[in-house]
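In what follows, chain A forms one complex with chain B and a second complex with chain C.
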Partner chain A sequence: MTIIELLEGPLWTASLTIFAVLAIWRLGAILLSGRRRVEARPAGSPSAGAIRLIFGHFIPQKPFRRNGKVWFVTLAGYAFHLGLFAVLFFAAPHITFIHDNLIGLEWAALPRWGFIIAAEFAFIGLLALWIRRFVDPVVRLISRTDDHIVAGLTFLVMLSGCMALAQTVEVLRAIHLGLVEIWLIYFPFSSMMHTFTWPLSRGFTGARAGRRGTRM
Partner chain B sequence: MLPYRKKHYTKINELMGITGLPAVRICLMALVAFTILFMSSFPVAAQVSAPDAPYDLGPLGTRGTQSISEMWRDIRHGQGGLVTIDRLESNVLINANGTWWSQLRDKDGALIKYGSILLASILTAVAVYFVVKGQITIDGGRSGRLIPRFSIAQRVVHWTMACVFLLLAFTGLVILFGRPFLIPLLGPKAFGILASAVMQTHNLFGPIFAVSLIALFFSFVRGNFPTWSDLRWLLKGGGLLGGHASAGRYNAGEKTWFWVAVIAGVLISGSGFMLLFPDVIGVRDLLQNAELVHGIAALGFVGFAIGHIYLGTIGTEGTLEGMTTGNVDESWIGTHHDLWLAEIEAKHQGDVK
Partner chain C sequence: MIETKNKQQSQFDIQGDLPDAVRVTNAMEGFLSEFGPQASSYMNACIRCGLCAEACHFYLETGDAKYTPIHKVKPFEEAYHRTTGPFSWLAGLLGMAPAITLNELEEWEELIYDSCTLCGRCTLVCPMGIDIAELVKEARSGMYKAGLMPDRLAQITRNAESKHSPFGEPREFITAIRKIEKEFAIKLPVDKPKADLLLTLAPGDLEEHHASVHVLAKILDHLGIDWTLSSVAFEATNFGYLSGSTEVQSELTCRLIDKAREIGATTLLLPECGHAWGAARWEAARWYGAPIDDIRIMHTLELLAENITSGALKVKTVNDSASFHDPCQQIRRGGLVEAPRIIMKALGLELRELEDHGEASFCCGGGGGVLANARAEPLRLKAFDLKRRQFEATDADHFLTSCGQCRLQFDKGAKATDWDRHVESLLELVGRNMILK
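Coming up: the complex of A and B.
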């Protein structure tokens, strides 16, 4: 068995299983943890508050809009997340891989120029956000080792992917796939879980504010 | 499937009044022959409808047409012909103007030779200076009082640019010097893999460099315009060889680096975009010049960057923290930017009054 066969076969299955089982475990633990019953009469609608916060916080908040010192945080955040989403789900090699190895479904891929632009946005956004963790004294203080591992690993996955863009060198594809598998295994243990938990945290905070009759 | 095919063939043959499989083959061959004849008529038609040759045919040969030697001489010198393909330069068989460029870009050519000498000289000069002079220390030691020098936005822009630049410099140097220096070390197969990886990375990060350059320009342009005090600073050699050279918020060396980075960055980005989209430009001479400009400007950028990295890190005490924490020691300002310190003190006294 060659390295690429190992990476595409047993290692891919193992990493994907670890990712799926542990991510579901963590989500289940959050959902089943329960919460203290609030006896006070609600002053507003918790559901409306939750929905308002879940969707309303896609729009940049006032403190970020008004503060020129951190203007780039909002821009970089959008650039990175939208770019990564587009690269992850609309790059032609990824769609082929998902079709062949995961769900057997395929959809329209981005044209090459669209993929390049999305990747550029993702890279510049990630770099700016990661560098901010080092140079902003407050963000540096609240950044954990995990945050740096997540940023570094994601950067390496993206970099190795861009190195393998020619799709002619198997070694480069193997490096990318190997890093993706490490990334998948680390995912459930890390702050990358916010990919799935953000609606829960926003929804909970929004519902609590809604119940009190306040807005966030 | 086979019985159906046989039956189908038989039906066609019966209709045409011929029997057996070879008959079908004959029909197909006739069809192919007709298609070839039909297609081959297009170039003839194009030549008939094409305008007169825009160039002198030269002396005629014994058959009344252009002689073979003259024709090849024209081709050898890049003379265009008449073709049916409607693409830029597709009528040129041999690009004669590319010879100088090939020689220049060759692994034994001037670009590699002088480029490597330049970078090696700069690295040696920096190393020798550090060994001889050591680190430039803060006069009188640190005061412990910190003064803000760079904002968070400026630092994020600087380090983003730095990361992208380092990645592009590494990949660019592998592309430029890989053949003469790395193939003997790694072997052709491993270098092929590395070359493919660095080429893709270089192409992808190029546009990010251009965006970072714009951000860098607007973040740092304020205070980087030359003043008369810069001339005095330059005449004193920036204090590198001894003595004190007064400077404002940015000294002449920093200003020079800023403008070199901007100008070289614009040249690198502009030529880089041409090389990224060769089909858009299409003119080979322009692309060759673009690659030359790209290489020379990049070598200049890398050369200045070596000096900048040295002076910003181990070369000068207390400089790096300005770009990491955003603050510098008051004594550091007094040592390297005394005119700026005087401005700060004057402003502070004005505020107190």
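Coming up: the complex of A and C.
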């Protein structure tokens, strides 16, 4: 078995399984932890409050719309997340890989110029947020090793993916696949889990605010 | 009797003589004792973007990164991940013992008690919607059990526990009530065996804001309500809620609810106080295991707004301009944003809102027990300065609020900085302008 066969075969299956099992484990542990607090008689609707906060926090709240730092993080965050989403699900090699190795479905791919724009957005967003971790005193203080590992690993995955785009040099493809597998295994342990936990934290806070008849 | 040692230079106090390891264990157990899916989701959602700092009056006024709200729970967050988090079993297998130390907890005491007013403004800006104030409250539970809190707050909490109230014992309450009766030539009903409404008060009402008590009595009588005060259930403030002692919090809340039930009251009326509203209206159900459905826990703001709206309470128009400080626990965390505005509209006031108002309002700087914490005064004054600037920008005739603690914070701030303005009680303004039958 060649290295690329190993990476595309058993290692891919193993890393994907670890990712799925541990991500579900972490979400389950959150939802089943401790006990739910008995809440007061509601003054408003908890579910309406949850929905309002889940969607309302996609953009900065009114009091912070004149704050440069808030907009910087918001715009860099959207650039990174939307760019990564487009590259992850609409790059031609990814669609082929998903079709061949995962679900047997395929869809229209981004043209090459579209891929380049999406990748640039993702890189600019990621680097802007990562650099901020070093230069902003607040973020420097609160950043953990995990935050730097997440940013560095994601950067390497994206960089190796761009280098392997032509799919002509097998070693580049192997490096990209290997990095993706490390990324997948690390994902459930890291702050990347916010991919799945954000609706929970927003929802819980929104439900409490809704119950109290207030907006957060 | 708890012994109190003080290490002034380090900005932390320590109570009792527990061994270091026990303090650390107690802190963790206290922090995690009420943990459920909500707090767990917060612990697993933070992306360390630091935007919460942009909402915090203490960070904005000092520029010191250590006041970043999520940083205030850092030791507890680390301990959570290593002891009860989803992968704590792995930390155990790898021999990663909780890294938290007593020194770290001592260092964090100031961040948990002095520089957080539990105002919750940081939640507004958090992309993940994390209720950091709630996490700080959980951290206070741990710090209380560890005997690591400001001496003054510990002392007041002990008084609340042993002497019935931070204000004093029932006989001191009766003395204060007699004084108010004499001052205003009125008669206040105390300890009636049966009544429809149980009125509760805050220490500020009994010590300084006597006019608030007079106005409340006048309004209740005017509305024809059968009401009483109770010498054994008069204390609306809850220093268990502020200090982190869930036992004291529960005891103080249940005392009010149980008394109301005993006398057959259908309404428990809370005074112009912020955290009393949070502790009684929003947290009482925790101690009974079910929502309180037989008694309406009502805030003074609701009493005024509802009776003004129904026409039962009529007021003269004032025709001045006014600005209003929204108390965090009543408005952002309490859901009463409309009530004060209904009252001010009825008074004919031209409302000039502060730049940040309603649910976005900045805290006065004295909430969450910070006002009672003498060593936090320099920080409190910085937060006061932010509010002072916002109020001066409105150029309004009146600066109103509906919380006795906020009033005391503004009064102290004004005195310390020679500010010539005075914050007024919305309730007292209604009292001065109500039209009697």
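As a working rule, the second predicted complex is superposed on the first by the 207 of 216 C-alpha atoms of A that agree within 3 Å, B and C clash if a C-alpha of one lies under 4 Å from a C-alpha of the other, contacts with A are read in each partner's own complex, and residues count from 1 in each chain.
Heads up, the rule we're going with is that contacts are C-beta pairs under 8 Å (C-beta built on N, C-alpha and C of every residue); 3 or more make two chains touch, one makes a residue touch a chain.
Because the structure is a prediction, the values reported are computed rather than measured.
Participant: In the superposed model built on chain A, check whether chain B and chain C fit or clash.
Facilitator: By the criteria stated at the top, chain C and chain B fit after superposition, with no clash.
Participant: Between chain B (first) and chain C (second), which does A:44 come into contact with in this model arrangement: first, second, both, or neither?
Facilitator: Once the two structures are laid over each other on A, A:44 reaches chain C alone.
Participant: According to the contact criterion defined above, which of chain B and chain C contacts more residues of chain A?
Facilitator: C
Participant: Look at A:169 in the shared chain and tell me whether it touches chain B only, chain C only, both, or neither; answer first, second, both or neither.
Facilitator: The first partner, chain B, only.
Participant: Touching A:202 in the superposition: chain B (first), chain C (second), both, neither?
Facilitator: second
Participant: I'd like to know which partner A:141 touches here: chain B for first, chain C for second, both or neither.
Facilitator: Only chain C; A:141 stays clear of chain B.
Participant: With both complexes overlaid on chain A, does A:128 touch chain B (first), chain C (second), both or neither?
Facilitator: Touch status of A:128: first partner only.
Participant: How far apart, in whole Å, are the nearest Cα atoms of chain B and chain C in the superposition?
Facilitator: Nearest C-alpha atoms of the two chains are 12 Å apart.
Participant: Can you pull the chain A residues that chain B and chain C both touch?
Facilitator: Overlap of chain B and chain C footprints on chain A: residues 69-70, 136-137.
Participant: How about chain A: which of its residues touch chain C in the complex?
Facilitator: Checking each residue of chain A against chain C gives 25-26, 28-41, 43-44, 53-54, 57, 60-64, 67, 69-70, 73-74, 77, 129, 133, 136-144, 147, 189, 191, 193-194, 197-198, 200-206, 208, 212-216.
Participant: Taking the touch rule as given, give the residues of chain C at its contact with chain A in the complex, in rising order.
Facilitator: Interface residues on the chain C side: 32, 34-42, 44-51, 53-55, 59, 65-66, 68, 70-71, 74, 84-87, 120, 123-131, 281-286, 288-293, 331-335, 337, 356, 359-360.
Participant: Could you pull out which chain B residues touch chain A in their complex?
Facilitator: Touch residues, chain B against chain A: 151-153, 155-156, 159-160, 163-164, 192-193, 196-201, 204-205, 207-208, 211-212, 324-326.
Participant: In their shared complex, at which residues does chain A touch chain B?
Facilitator: Listed in rising order, the residues are 68-72, 116, 119-120, 123-124, 127-128, 131-132, 134-137, 159, 162-166, 168-169, 171-172.
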